[in-house]
Structure formats: structure tokens, C-alpha cells
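Take a look at the structures listed below.
Each of the next two complexes has chain A plus one other chain: chain B in the first, chain C in the second.
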Partner chain A sequence: MKRLYLLAAAAAATAFAATSALAEDTITVGFTASLTGPLNVDSAGQQRGYEFWRDEVNAAGGIKVGGKSYKVKFVTYDDQSVGGRVQQLYTRLINQDKANFLFSPYSSGLTAPATVITEQYGKIMIDSGGAEEKPFETGNKYLFMVITSASHYLSGAIDALKKYDPHAKLALVYSDDPFSKAVLAAAAQQAKAAGLEVVMDESYSPSTTDFGPIVNKIVSSNADAFLGGGHYSDGATLARQMHDQKANMKWISILVAPADDKFAELGPAALGVTVPSQWELQVNFKPQFGPTTAQFAKAFMDKMHAKADYHAASGYTVGVVLQHAIEQAGSIETDKVAAALNATDITTFFGRVKFATDPGHHGLQAAHQMVLAQWQMVNGKLGRQVVWPEEAKSAPIMFPIKQQ
Partner chain B sequence: MPLVRLMRRPFFWILALAIAVFALAPVFGNNVALREALILDAVYITLASNLNLMLGYAGYINFGSIVFFGLGGYTCVWLVNSYHWPLGASLLVAGVCVSVLALIFGLGILRLRGAFFALATVGIVEAVQAFAENFTPWGGSSGIYLSGDIFTPLGGPARALWVIYFMMVAVMGLSLYLSYAIKSSKFGLGLLAIGQNEDAAAILGVPTPLYKALVYSASAFLPAIAGGLYFFKSAFIQPSDAFDLTLSTEALVVAMLGGQGTVAGVAIGAFLYEELRGYLLTSSMFANFQLFVSGALLLLIVLFFPGGLMGFIYRHFPRTQKVLE
Partner chain C sequence: MLGVLASIIDGVLVGLVYGLAAMGLTLIWGVMDVINLTHGTMIVAGMFGLYGLASAVGAPPYLALPPVLIGGFLAGVLLYWVAVHRMVGRPPLMSLLSTFSINLMLIGLGTSIWGTALFNVEVALPGFSLGRYTFPGAHILAAVLAALIAASLYLFLQRSRLGKAVRAVANNREAAELVGIPTTRVLAITVGCGVAIAGVAGMLIGTLFPFTILSGDSYQLKSFVVTALGGFGNPVGALFAGIALGVLEGAVTPFVPVSWTLVIEFALFVLVLVVFPGGIFAARRGAL
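The block that comes next holds the complex of A and B.
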């Protein structure tokens, strides 16, 4: 009997030693995802990107710091898309789950409340799911964003228009939601700076289903370039109705909707439509760190059985950037890694990543460029091609749009 | 003096003890994780208790109680952000403004009864949300982001979250005492009469339109302050969060589960509901089907405890009726 006790004690001791050894070589990354509530579809894509990165890093032996390898462990909860819950859960992630680093929840509206907690405890949080700039203008020290912010979403479209049609007359028609309004407000300013004329600037309710009257207004404004949209259904309907009512636009840029493969269902109405995108499968940057686009896309397809989209790519990039900073810092201490993030300037398959370091915009993405994808006929089938910027393009731009 | 009369009853002291335990529980061991869970409990208890004034006493279903919370949040965050007012003054002004607004709204829509009143309250939520989305000083649909500096007057972010917690518990405590005080007053008796039969109450001399508007306005004051604290703490407010109908509906469900018309029942219902959600969300066993489990539990409660939690307790322990209000 006594022997049994000894044995049990020994077993417990080994188990304890094993877990503590394990704990020593693990980096805990915490985040919440919106598994329920209105943000769940977009949040799921981002989470797949995070998880795919973790699996890849661990399969390759973990993150290497000063001759030691750290495996990555995730702790994650459902935040129900509610700000108050986000604060509760990030407090828990930091204090109870002892997360070393944090990833952001999805959307600017949830990142802002999370930041109150992470900044307070001086924890690094990397953001890939909130494109608004306001959270970066409030003096945060440990918040970093890998994606291009809202005010630069349509910069590429404006540049392309300036090059191909400096006398374009623009109609800006967009959904009345925070993101679309921020994007189009910035686009209106950039258009003026580029000498383009804005002949119509109007928002519509996000629940609009019939765009007939709006399209009539676009036609009577004599606009020949369209910039706007918002979410999938309104963007797709706008494209279809502009085609049906023969609005004869030379240029159409719509947010979000044309980035979805479903957009091909519109047939001829989809042809020539451009969409700003954080990342496309066709993008060909030469990575200094991490996989190439082709390697990423194939590995993602093999493991997740789905085509990688930009939510997954930006989620993955968050991980890659953290890994790079930890390896550069040679430490998992927050201040050293934060310094390494401030100094980061690398190109991954997602594009260049560099963070603003001035106090008024600290952590905002300063280098990543959006690409402009255009729906074109590829081998007799509709598909997206990257047409802007010139150095990333996979096909020549179609301008003006040729109606069929 | 009514307060002295209330203080002679044991329930007054039971409440005081419960609130003190609630306030001090996370202080021991500096348990911030517990504090963050409890502050959400306090929000739910505040919302449900004030909703109970309308629902449980006067018998009016208000789907729009979230309007008070959201408007209070907006007023407070706006005053702090644009005019650099101190938090306390902003909260007080938010509470008073929203109450006055509720009185004006109330005199209008409280002519409606039953389902029509309930529908009108949903309409108010939509209207106020549309207003906030288009009101430029409030940031329109992208809302207001507060800078981290707002916590400096409260002693930095770490201390500020404690201060906010104690203030939120105070608001919760005041909500409970308000419910209790109204229930024990002549005003409360009038409301209960309206809840039983409004026409009969009017004939017996209860000034029904005035009482209804007053209770509607009273039920706005503390939720507005709670909203101010909540969104100040989040450092962010936008229309879709501020006027989220889900929270309104949850407050209704909670009040019914706990036992509408009772002070303790509604509070315990709100506490248990939020603790259950919080537990399911973070438990390794249930996290993946937390909605399913909470749905099934709610169904069981509705099926087997139709009178809510207090109804069950009163039936099985009749003597508690004298102690627990």
C-alpha cells in the first residue's frame, strides 16, 4: 500500500514537472472571437487565419528565441459581438489565463474596449479586423494594426482614375454604416486633391433593397465613375441595377461585395467592376519572412479545405508579424517585443508591414498597400484579376468598362 | 418618515448586506477578473430592476428600456469627450436629461396600452438610434472614441476601473432601494392598482396618466447613469451598441425569470442569468454550445417555474413572503 502511495506521488511529481516544463516553453496568445452575434461570419475567417498560423508554427517546431523553442498555445472565448463582454474576457485572458500576447477581436468597435484593458496591463495586442483609425489616435502604446486603414481603401481607385481619366466625374454612393462612411469621406477628399470632380455624394440606409431611384439619380448627375457600396447584398444589387438601367459607367469600384466569389453570379453586370482588397490570391509580393502566397494558399487549402480569403490572410499575418518581432527581440518580454514591433519593416506574402510610431497614430499601419481587383473574363470565365498597383498586377486594367 | 419606516424592516438590512458583499467581494485578493464579471451583473441588475418598475408594478411591457441606457451613455461620453466635464457631473446631467426626456415621451406614448404600448417602445428605440446615427456631434454612425487620458482624473486606468466598479455597484444599490421604496409607498400602491386594472384604478382616484409618466421617467434615471458608466469604461460608444434591442429583451426575460413585481427576485434573476452566461462562455466543457445550454435551461425554468424564482420560493417557503420583498 505504502508503495502505491510512493508511486502515485512520483507520478504526480513527474506530471507536475512535465506541465511546468511545458509551461516554460509555451507562449500563450489570447483573443476573443465573435462566434455569436452580428459579426460572426467575418470573425470566423479571421480566426481561421490565426489558428492556421498557430498550427504551422507549432509544426515547424515553434518560435525560436535565443536557442529555445516556444510552442504557441491559444486561449479563446466567444465575445458575443458585445463590447462589455470583450472587456470582461480580455481581463480574464490577461489575469487568469496569463496570456503573453493578445490578438484583437473582430471590428474596430470591439477593439476599442479591448484596448482599455490591454493598455492598462501593458500587453501587446495586434489588430487585423478593425480598419478604423480612431482607436489609434488616442495615444495607445501597445496596439498594432497590420491592415490598411479605412481612409486608404479607395486610394488605389482614385490613383488609377487619375491616370486613366483625369476628367472623370465621380458619383459616391454608399451605405450609411461607420466603415463605408469613413472610407468614402476619405475618398472624396482624395478625389478633390487629385483634381477629380465629385458630382454626387449620397448615402443610403444599409437595409435598402431597391436602388432604382438612386441609379436614376446617378445617371442624371452625368457621372461616369462610381465609387461606393457597403456590404454584400446592397453592393451586388447596385452593380446589377446599374447594368440593367444602362448607367454606362466607365469605372465602378464597389466595397466588399465584389471580393466575394459569389459576385460572379451577376454575369455581365460583374464585368469590369473593381474592388479594393487587403489581399488577393493573385498578389505576388516577394516575402522576406514566412511563406509565399502560393505556399500559403496551397497549405491553407490542404488543411482547411477552403480558399484563403483576406480575413484568413490578415489573421495569419498577425501571427507572422508577432513571430518575427519575438525572434528579432530574442525575448518574450513585452517591452522588448514592442520595441521590435516599432522597428518592424518587413514584406510578407501579405505585403509590406510597418507601423506608425508617432504618438498621434502609434500602431497604425503605415506601409501595407491595398490592391485593386477587377472582374475580367479569364479563359471564358469571370474571375478577379489584380490590376493596381502596377507592381502587383496580374492582368492589364480594363478601362473603360466594355458593356456586353 | 417613510425611510425610517423602511429601516425597521429586515429586508432593508438584507439588501444593505447583499450590496456590501457585492461591492467588497473582488477587493479581497485584488480579484480583477471577478470584478469584471460582477460589473456586468450590476449592469443587468440595474436594467432589470428599473424595468421592473414599469413591468412588474404598472404592468406595462417596455421593450425600449435600452434607450435610457444608450442615451445616458451618449450624453455622458459626449460631455466628457467634447467638453472635458468630470465624470460625476456628466453622469448626473445624463441621468437628469434622460429622465426629463422620458417624462415627455411618457406623457405621449403612455396613452397607449398593452401590445400597442410595447410596439411604440420598439419604435422609440429605432427613432433614437436613427437620430444618433445622423447627429454629427455624436460622431454619427461611427460613434465616439475616448482617449486613454480620460482615466487620468480617476487615478489612471487601473484605479479608474475600480472607481467605476464601485460607482456601478452604487447605481445598482440605488436601483434596488428605489424599487423597494416605490413598492412600499402610496405611489407604488397606485402603480400596482394600475397593473391590476387601470380603469378601476382611475375610478378609485389614482391619477393614472401622471403616475405612469412619473414611473416611466423614474425608471430612466439610474439606467442612464449606468449607461454613462458602461460606455465611459468601454471608452467607445456607437449607435448599434448603445441601442441594442437584445439587451432590452434580456432585461425583460430576466425580470420575468426572477419574478416580476418583486425586488429580490428580479435582482437574483439578473445575477444568475448573467453568471450563467458568463460561466457557459468560459467553461471548457460548454463553451462550444453555450447558446444551446442556456436556451434549454431557460426553457426548463419557464416550464417548471411559471411564477419565476420568487414565485417558487414564496410557494414552498411561505414565511419568506414577510422577509423578502
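The block that comes next holds the complex of A and C.
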């Protein structure tokens, strides 16, 4: 009997040793994804980016810290696209799942509540899905954003318009959510600075189903350039109804929705629509760290069986940036890694990444630049082409939009 | 001024479709006091039926109408046996919960199959222009079809033997049973009709706007508003309330910031409920 006890104790001790050895050699990264609910499409892209990074890192032997290699382990939950769930789940990720680092959920609306939790527990969260600036203006210390923030989303569109049509009359019509409002508020100021006339500036409820009267109002305002939209079906519906009701816009920039390949479903209504994009397949930066765009796109396609979009690219970049910072810090301690993130200034295939360090904007992206992509006909098929800035373009801009 | 007129006409066109969608909800409510919370999802099912037939098979979009109607009817009868049959005559909360849970299952299933990606059905029909304002052909045809289907439902309820049986059951189920009406079968047929109408309304909406698996929620909310305005259980009232809602959206938008449209819409809704608690076209019990 005694022997049996001894055996059990030995087994328990071995098991304990095994788990503690395992715990030593893995880094746990936690995040929530919107597997269900309205943010599902974009969130799924981001999650594929995260997972692709994890698989690549682990295949290459893990993250190297001072002669030791750490494998990356993910813990994730479905946040159902609901802000309230995010706070419960990030608390759980930190307390129960003992996540060392956190990635953001998708969208500004979910990232802001998650931030409250991660800061409270002093955990690093790297953000690739929430572009709103507000969480970065409240003195957070462990929050970092790899993507260009909301107020620069439409700068490219305004610059292009200023060049191609300095007398453009702008209609700004956007969803009544924090992200879209932040983007368009900045765009209105930039338009004013560029000398463009804004003839309509209104937000609509995200639950709007029929944009018919709104499109009529745009026509009544004599606008010939449209900037706006919001997240997904609203942007697509606006594009379709402007086309169906022959609003005859010379220029259309819509947020988020046209960055998804499914936007091609709209057929002729998609033609000429531009979308500010964090990254496109045609973008060609020389990476100091990680793969080139071509390598990334190909490997992503082979492994994930999906075309890489900007959500996937920014998700992957979050991983690359964390890995770089951990290796630079030579430690997985939060404060050392945060210091390394503060000092980060690298160029990956996604572009340059550097974080603002002044207390008023700490963690905000300070170097990455967006491009403007336009839906154009290529060999009889609709596809996105980079049209702005000039030095990055992959096709000439279509201006004005020719309705077919 | 032309812009206002255009928006009002647009409102009538879209309002007819809203009205038709709400008729499906109010019919079931009127006959058996069951609020069908799968309504929005059935609308979306109509949209996906359209998409499957028009985009995948390549059939002209409007040919999807008969299959959606029949498919919707069968789905409704199934829904009756699965979720409604044992709830009829019990507190409304019971049927609310049972249809709610069926709805969650359907949405979950749909999300896992299609994701929440965007779907669109192109309809190229010549429209009609009023100055600079254009009414797309699809909107006009959808409104005409919605009106025709609504009229057929009305005639069915008023003139046909089965329709009379439906009204009899709505009026007094026990009495209907006593005179030999197979009430259970009539109830199943009613849910079938209600769901079929929701599906067809969804199919028509699918010819107007792009949609996702989650689009049903906003149309279901609209249907509730329309149902309440039109008088619970009054299909004809629902059709007119739908038009009224569409016209209101059209008429308000040109004058106030767009974000106020919903505020005004719901403020009027509350006002109407205060003044006419049974809806503007209040259902006289058994007026079905």
C-alpha cells in the first residue's frame, strides 16, 4: 500500500514537473474573435492573420529569448461581436488562462472596452483591429496599435481629390459609430484645409436598411464626391443604391466594406469605388524583419486557403511586432517588452511600424501609411488596384467614375 | 421640392414591401396570439433562396418567387409542429421563447455555413426618372409584386373556404372546432402562410439591397413597428402601416439630419401607441 502511495506521489511530481517545464517554454497569447455576430467577416480575417503568425513561429522553433525558445500558444473565445462580452473574456484570459500577452479583438467598439481590462491588469495588448484614437489619449501604458489610426483613414482620398478635382463638392455620410465618426470628423477638417467644399455632413443609424431617401438627399445637395460608409452591409448598400439611383458621383470612398473581396458581388455598383486600406497585395515595402509581401501572400494562401486581406496582414503584423519586441527585450516580462515596443521602429511587408511615446498619444501608430485602393476592371474581372499615393500605385486612378 | 416628392414615392415603394413583411408576422399573431421570433430569419431565408436560384443557378431573379413561396410554406408548417403547436393557448412568453430558440439555432447554422459575408443579387431593370432623381426598376416591380401578394392574401382570407376557416379559428377556436373545422390543421396552414409571406418579402428585399445572414434583425424590428401601428393581428392594417412608415422615412429625411430619422420615427410610434393603444388600424377582434 505504502508503495502505491509512493508511486502516486512520484507520478504527481513528474506530472507537475512536466507541466511546469511546459509552462516555462510557452508564451500564452489571449484574444477574442467575433466568430458570430456582425463583425464576423473582418474578425475572421484578423484571426487568420494571428494564427498564421503562430504557426509560422512555432514551425521555426518558437520565439528565441536568451538562448531559450518559447512556443506560442493561443487562448481564444468568441466575443459574439458584443462589447460587454469582451470585458468578461479579457478578464478571464488574464486571470484564468494566465495569458502573457494579449491581442485586440476586431473593431474600435470592442477594443476600447478590452483596453480597460488589459490596462487595469497591466498587460500588454497589441491592437490591429481598432483604429479609433480615444483609448490612446487616456494615458494607457501597455496598449500599442500597429495600424494607421482613424483620423488618417481618408487623408489619401482628400489628397487625391484635391489633385484631380479641387472644386469637388463633398457629401460626408457615415455610420453613427465611434470609428466612422472619428474618421469623417478628421476628413471634414482635412477637406477644409485642402480647400474642398463640404455640402453635406451627416451620420445615419447603423440599423438603416434603406438608403433611398439619403441618396436622394445627396443628389439634392449637388455633391459630386462621396466619402463615408461605416462597417459592412451599410457601406455595400450605399454603393449599390447610389448606383441604382444614378447619383452620378465622380468619386466614391467607402470605409471597410470595399476592402473585402465579397464587395465584387455588387458588380457594376462596385466599379470605381475607393477604399482606404491598411495594406494591399500590390503594396511593396522592403521588410527588415519577416517575409516580403509576395512570400506572405503565397504562404498564407497555401496554409490558410484564403486570400490575404488587410485584416490578415495587420493581424500577422501584430504577431511579428510582439515577437520582435520580445527578442529585443530578451525577456517575456511585461515591462521589459513594453520598453522594447516603445523603442520599436521596423519595416515589415506591412509597412513601417513605430509607436508614439508621448503620454498624450502613447501607443498610437506613428509611422505606418495607408493606401487607397480602387475597384477597377482588370481583364474583364473586378479587382482592387492601389491608386494612391502616386509612388505606390499599381494602376492609374479612374477619375471620374464611369458608370457602366 | 422634387427631392421631397421623390423620397416620398420611394417611401411608398419600399413601404409596400415592409408592409408585406409585417403581414406575415401579424397573420400568425392574429390567429393564435403567437409572436413568431423567427420572422427576421425567415425573411433572410427568402433572400438566400433568391440568391441560390438567381446567382448560383442563373435563373432570372423573379422566378425565385414560386419556389420561395412554396418553400416558405413548408418551412412554416414544420415550424408550427416543432415550436408552436404545443404553445398555442399558453402564455405568449412560451411561444416567444420557443421561436426565439429556434431562431438562435437557425442564425447559428447560417453563420457557420455562410459567415456574415455579403450577398448581392443584381437586378438590371430600367427605372424611371423624375428630374435628377431615379426610381430603380427593381423597386417599382418589388412594390407591385408586394401589393399583388397582399391583395391575394386578403382575397384568400375573405373569399376562400379555407380563408374563412382561418378567420373562424382566429375569432373563436372552440366554436370553430364545434362546427367541424380541423383547427390544428388550420393553425399549421396559417403559420405556413405567415412564413411564406415573410420569405417572399425577404426575396423582394433581396432584389433591392445587398444582405447578410444577420439582415433579418432590422427587418424584424421594422415588422414589429409596422404590426403595432397597423393593429396587432390586422394584415390589411399592416400593409397600410408599412406604407405609412416608408412615407414617413422618405418625408422626414430631407428636412432633418439623417440620424434623427429613427428618433422621429419612434417618437411618433410611441405617440401613436399612447393615443391608439391598439394601433391606428385597431384590430376589431376577429376582423382578420
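As a convention for this text, the second predicted complex is superposed on the first by the 340 of 404 C-alpha atoms of A that agree within 3 Å, B and C clash if a C-alpha of one lies under 4 Å from a C-alpha of the other, contacts with A are read in each partner's own complex, and residues count from 1 in each chain.
Everything that follows uses one rule, which is that a contact is a pair of C-beta atoms (placed from the backbone, for glycine too) under 8 Å apart; a residue touches a chain by one contact, two chains touch by 3 or more.
Small disclaimer: the values here were computed from a predicted structure and weren't measured.
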Practice prompt. Look at A:Thr115 in the shared chain and tell me whether it touches chain B only, chain C only, both, or neither; answer first, second, both or neither.
Written response: first
Task: Scan A:Thr138 for contacts with chain B and chain C and give back first, second, both or neither.
output: first
Touch test for A:Asp176: chain B only (first), chain C only (second), both, or neither? both
Quiz prompt | Partner chain(s) touched by A:Val219 [first = chain B, second = chain C, both, neither] | solution = second
Message = By the touch definition at the top of the document, which applies to A:Gly267: first (chain B), second (chain C), both, or neither?
response = second
Inset, instruction - Please work out whether A:Ala236 is in contact with chain B alone, chain C alone, both, or neither, and reply first, second, both or neither. - result: second
- [ ] Figure out whether A:Thr36 sits in contact with chain B (first) or chain C (second), or with both, or with neither.
- [x] both
Under the stated touch criterion, which partner chain does A:Gln190 make contact with: chain B (first), chain C (second), both, or neither? neither
Overlap of the chain B and chain C interfaces on chain A comprises residues 36, 38, 176
Seen from chain A, its contact residues with chain B in the complex are 36, 38, 77-78, 80, 82-85, 87-89, 91-92, 95-96, 109, 112-113, 115-116, 119-120, 132, 134-135, 137-140, 176-179, 181-182
Per the touch rule, the chain C residues reaching chain A in their complex are 3, 6-7, 10-11, 14, 107-108, 111, 115-120, 122, 127, 129, 132-136, 138-139, 208-212, 214-215, 217-219, 221-222, 246, 249-250, 253-254, 257-259, 261-262
Per the touch rule above, chain A residues touching chain C in the complex are 35-41, 44, 173, 176, 202-205, 207-210, 212-214, 216-217, 219-220, 232-233, 236-237, 240-241, 244-246, 257, 260, 262-263, 265-268
Chain A partner, complex, touching residues on chain B are 32-33, 35-37, 39-40, 43, 133, 140-143, 145-149, 157-158, 161, 230, 233-236, 238, 240-241, 244, 278, 281-282, 287, 290-291
